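Here the structure is laid out as structure tokens; the discussion comes afterwards.
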Amino acid sequence: MDLDSLYQEIILDHYKHPHHAGLRDPFEAEVHHVNPTCGDEVTLRVHVADGVVEDVSYDALGCSISQASTSVMTDLLIGKSVDEAMTIHQTFLELMQGKGQVEPDEDVLEDGIAFAGVAKFPARVKCALLSWMAWKDATAQSLDKEKA
Amino acid sequence: MIEGLLPELEVIRKDFPILERTLAGGYPLVYLDSANTSQKPQVVIDTMVDHLERHNANVARAMHQLGAEASEAFEAGRDKVAAFIKAPSRDEVIFTKNASEALNLVANTLAWRGDLQVGEGDEVVITEMEHHSNIVPWQLLTERTGATLRWFGLTDDGRLDLSNIDELITERTKVVSLTWVSNMLGTINPVREIADRAHQVGAIVVVDASQAAPQLPVDVVASGADVLVFTGHKVVGPTGIGVLWGRREVLEQLPPFLGGGEMIETVRMERSTYAGIPHKFEAGTPPIVEAVGLGAAVDYLDHVGMDAIHAHEQAITAYALEGLQTVPGLTVMGPLDAASRGGAISFEIAGVHPHDVAQVLDSRGIAVRAGHHCAKPAHARFGVQSSTRMSSYLYTTPAEIDALVEGLHHTRSYFKLDA
Amino acid sequence: MIEGLLPELEVIRKDFPILERTLAGGYPLVYLDSANTSQKPQVVIDTMVDHLERHNANVARAMHQLGAEASEAFEAGRDKVAAFIKAPSRDEVIFTKNASEALNLVANTLAWRGDLQVGEGDEVVITEMEHHSNIVPWQLLTERTGATLRWFGLTDDGRLDLSNIDELITERTKVVSLTWVSNMLGTINPVREIADRAHQVGAIVVVDASQAAPQLPVDVVASGADVLVFTGHKVVGPTGIGVLWGRREVLEQLPPFLGGGEMIETVRMERSTYAGIPHKFEAGTPPIVEAVGLGAAVDYLDHVGMDAIHAHEQAITAYALEGLQTVPGLTVMGPLDAASRGGAISFEIAGVHPHDVAQVLDSRGIAVRAGHHCAKPAHARFGVQSSTRMSSYLYTTPAEIDALVEGLHHTRSYFKLDA
Amino acid sequence: MDLDSLYQEIILDHYKHPHHAGLRDPFEAEVHHVNPTCGDEVTLRVHVADGVVEDVSYDALGCSISQASTSVMTDLLIGKSVDEAMTIHQTFLELMQGKGQVEPDEDVLEDGIAFAGVAKFPARVKCALLSWMAWKDATAQSLDKEKA
């Protein structure tokens, strides 16, 4: 159990000082996701305009991994086109589900590469993915709304 | 040499420790009651022991190493079962306590508000050859909701009488629930054909595969079922576990059954929301070591090969049908050609009550079942109150069938039937 | 030397093979998650293996020698459980799949026509410290029938707030359901006192003894319960089995829950009649090998002695409460005197999330639980979303508590809380 | 498994030629009992007058043990006072539940002693007791009726 590979400095930094925290206006969709196993929760809003992720704001309760992951995610996605953001999402998902066998791509994931170690702790993968799943859900809802 | 028998039958028998048992009077065990419950191979027992001695912890909720090991072993059981029945998604595989709970889960939840709710004016169709576990839940549902229960009758040779299918399956039909293989008559039913008809009227189709899963290769999608159930202890697995497979869409439409434990998303005193499938239907601590054992069991069956097991059952059944015909006054109930039936054969012997037949056989180490086999209506249909049933499995040998037939001749002479 | 510890603790530990495990990094297992599930002594495992290898058959229905052996072993499990909880009659002991099913059995059947049916205007009273399995079933019942769900709140020190008992338990109350020992706060509730009050208004009393049965001597009649449930896997027995004890009169008044298998008296297609208790509530093949294992489990506990186990738990709990107080920023939830609580201790450490606490402990081989422990409302009551929980059992040593406390100090320094 | 201790000649004789079979008038109570395990059934009527078991008539379906037991029971009970009959019932019950350890009393049980061997076959005890339980039930009902 290499604890330090799980709790990278970057993760602990984001945990103590989360980026983009809080719920902000404007937003097109707000979702609430929970991890039923442990009760970690996130309320998350997305603001998408002209195909660009203008803002991702959130109110989250959870462990260091889930909190840091949310913070890193907002750094990565805000300002990107929705398409690019979806690609990053997919890359992060693959890293997390890779059981520690996937080599993280720093160009795409930046601070997110710190989560490579989490993939070796199956029980924590859900923590790392909580807000990413919420973001995907919210974005899908906002795009649906746009279409309607 | 009988064609179709498993080539390594003696090796397979060695996998089942109980087959070494001798019984009162020094008789070796001749176990012909596998439709009631199957015996367990050593690998299933050993896998369960290893789990209990080294990896035991609660699942899902535990974040420690033992918890991760237990969760992985438990969920691997789900993966193996999903593969065994060719489920499109592992999440569609729900663990219950037995087949009966699985059938009740569906029947019970259909009474409650939801897209599939059954109410007055609606009809549920079953058949006269069902096991009680596929009759009583539907009686409870229809009695409690004011719906109507209807059923297919049987032909004299023990098949479903489909002549009035268009009167039975109508726009009012909400559910058609039937057994794939009868545990009494042995009949293999044309499940797909009936399912197609039921789907035309928008009914959901529930298939009781309790006797099919041990004997036939199962492909849930090809079967036409919306829901299919079977039970662990009949597929060389442990008691305490059953399987409910359902199409995602159907499972998502059903309201929750048992509440509590990990079936929730969030709980407040005022109201709760529920987890997605499969957890929505798995309240409380699941059958953990049982799922681990069941995983080993279906692996074992897959390793031998379900096609090979099916061929073996048919060969033994054909051999048994032949042997039984040599016993004067013996009448087999159900189809007489082995190809259209499973490995359970119920019969009567004129002049000896089934209990007495079973008793005499038991005194020679031969275990069969006597009674109504939880299929009273099917017995009533044939004007009998009970019968004797022999049922074979992958470990059954022709020599055991010989012992049975000889035992039946002996039974007749014991009761002086020719005197 | 700490008073009250089991005198032969090292001998007892030898009975539990898993306690020999070493985990990643060579750490020996320190299992402090027994409120989640208990470990199994060798005698339970061996008894199950012997059953599977030598006596496996279906019960009740099988008339052959194996069937008689299996039925006898299964029913002996019922006798042992009846003795363990001092049930006036063995027939009042019903095997379910776990405690959750037992609670749902009662809540689900109360919705249907019968002497005890719950409907509009009726009230069900629970408490804010219940496990989800004793909340959600009552939510489903009251939502589905139009009845009202009410509950006792909690005091700041984690006890039931009984100040408004006369407003809560009234002529409208049909059911009072509460836990004997809280799985989160450890609180032991005054079950008898509340039961007496409930009986004054004619309500039935359901007691969730899932955490009590492992730790305290249980006498169902003295408890005041009309129905009492617990789960096999927490009393050193296997998963896949739970126990519902009910007063005969109450059980006879409840309509059937699951239909099928041996729960019938007679079945016709039009209508069925049902067997008497306990079989009425045991549809399908019961958890046979599990009942055999559970019988061995309660025998084991009785052999050690429930009074001695209770004393051990209290000694360990007192020792743990003391040790935990040395950890800066640590707050224990629930009563602080060991005498009025069970062996589960939930706590928070300022500045470290429970998952992270559990993770660091796990890296040292210490297994605790982190999360809401299926008691979200109780967590919400104390304004927290989750907590870390250590829970001891008859095999827990003071040295393991020392390891925990040391691990918690280490956790704080790992997360640089004093920096 | 000493089969002959179960299937005594007396039992087989009663099975082949049951005494007092058929349902007769008059009767004060009729009951229907089944053995849910195997489906054996008996419909049984009692006619009690002045504290005497005047008649016990029945229609039964079942195995040799249950059929013979019914036949033997009618021989034993018809013509006895209800009190005597209850004593015989109790004696037979004790024999059956004695696991083969109870020595049967021929003075009380007459042909019923042939069932001593049945007590060694737990699965068959229910068969032997089916009609005895039905008789007790029916008699209790007839006495209740009398009182009312």
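Letters A, B, C and D mark the chains as written, and numbering starts fresh at 1 in each.
Methods note: contacts are C-beta pairs under 8 Å (C-beta built on N, C-alpha and C of every residue); 3 or more make two chains touch, one makes a residue touch a chain.
All figures in this text were calculated on a predicted structure; none of them were measured in a lab.
When chain centres are defined as mean Cα coordinates, D lies farthest from subunit C.
Computed from the mean C-alpha positions, the centre of subunit B lies at a distance of 31 Å from the centre of subunit C.
Here the spacing of subunit A and subunit C, counted between their Cα centres, is 37 Å. Computed from the mean C-alpha positions, the centre of subunit C lies at a distance of 45 Å from the centre of subunit D. Measuring from the averaged C-alpha position of subunit A to that of subunit D gives a distance of 76 Å. For subunit C, the set of residues that touch two or more other chains comprises 23-24, 61-63, 65, 67, 262, 264, 266, 355, 359, 362, 370-371, 376. Taken residue by residue, subunit A touches two or more other chains at 1, 37-39, 41, 124, whereas all remaining positions touch fewer. Taken as a graph of touching chains, this assembly fits none of the simple shapes: it is neither a line, a ring, a star nor a complete graph. Considering their complex, residues 1, 34, 36-39, 122-124 of subunit D touch subunit C.
Interface of subunit A with subunit C (complex): residues 1, 3, 6-7, 12, 37-41, 61-65, 67, 121, 124, 127. Considering their complex, residues 17-18, 21, 23-24, 29, 31, 33, 36-37, 39-40, 44-45, 48-49, 52-58, 61-67, 96-101, 103-104, 107-108, 112-113, 128, 131-137, 139-140, 144, 149, 151, 231, 233, 238-242, 256-264, 266-269, 271-272, 283-290, 355, 358-359, 361-362, 365-371, 373-374, 376-377, 380 of subunit B touch subunit C. On the side of subunit B, the complex with subunit D involves touching residues 23-25, 353-356, 359-360, 362-363, 370-372, 376, 379, 385-386, 414-415.
Within the complex formed with subunit A, the subunit B residues making contact are 60-61, 63, 65, 67-68, 71-72, 262, 264-266, 275, 279.
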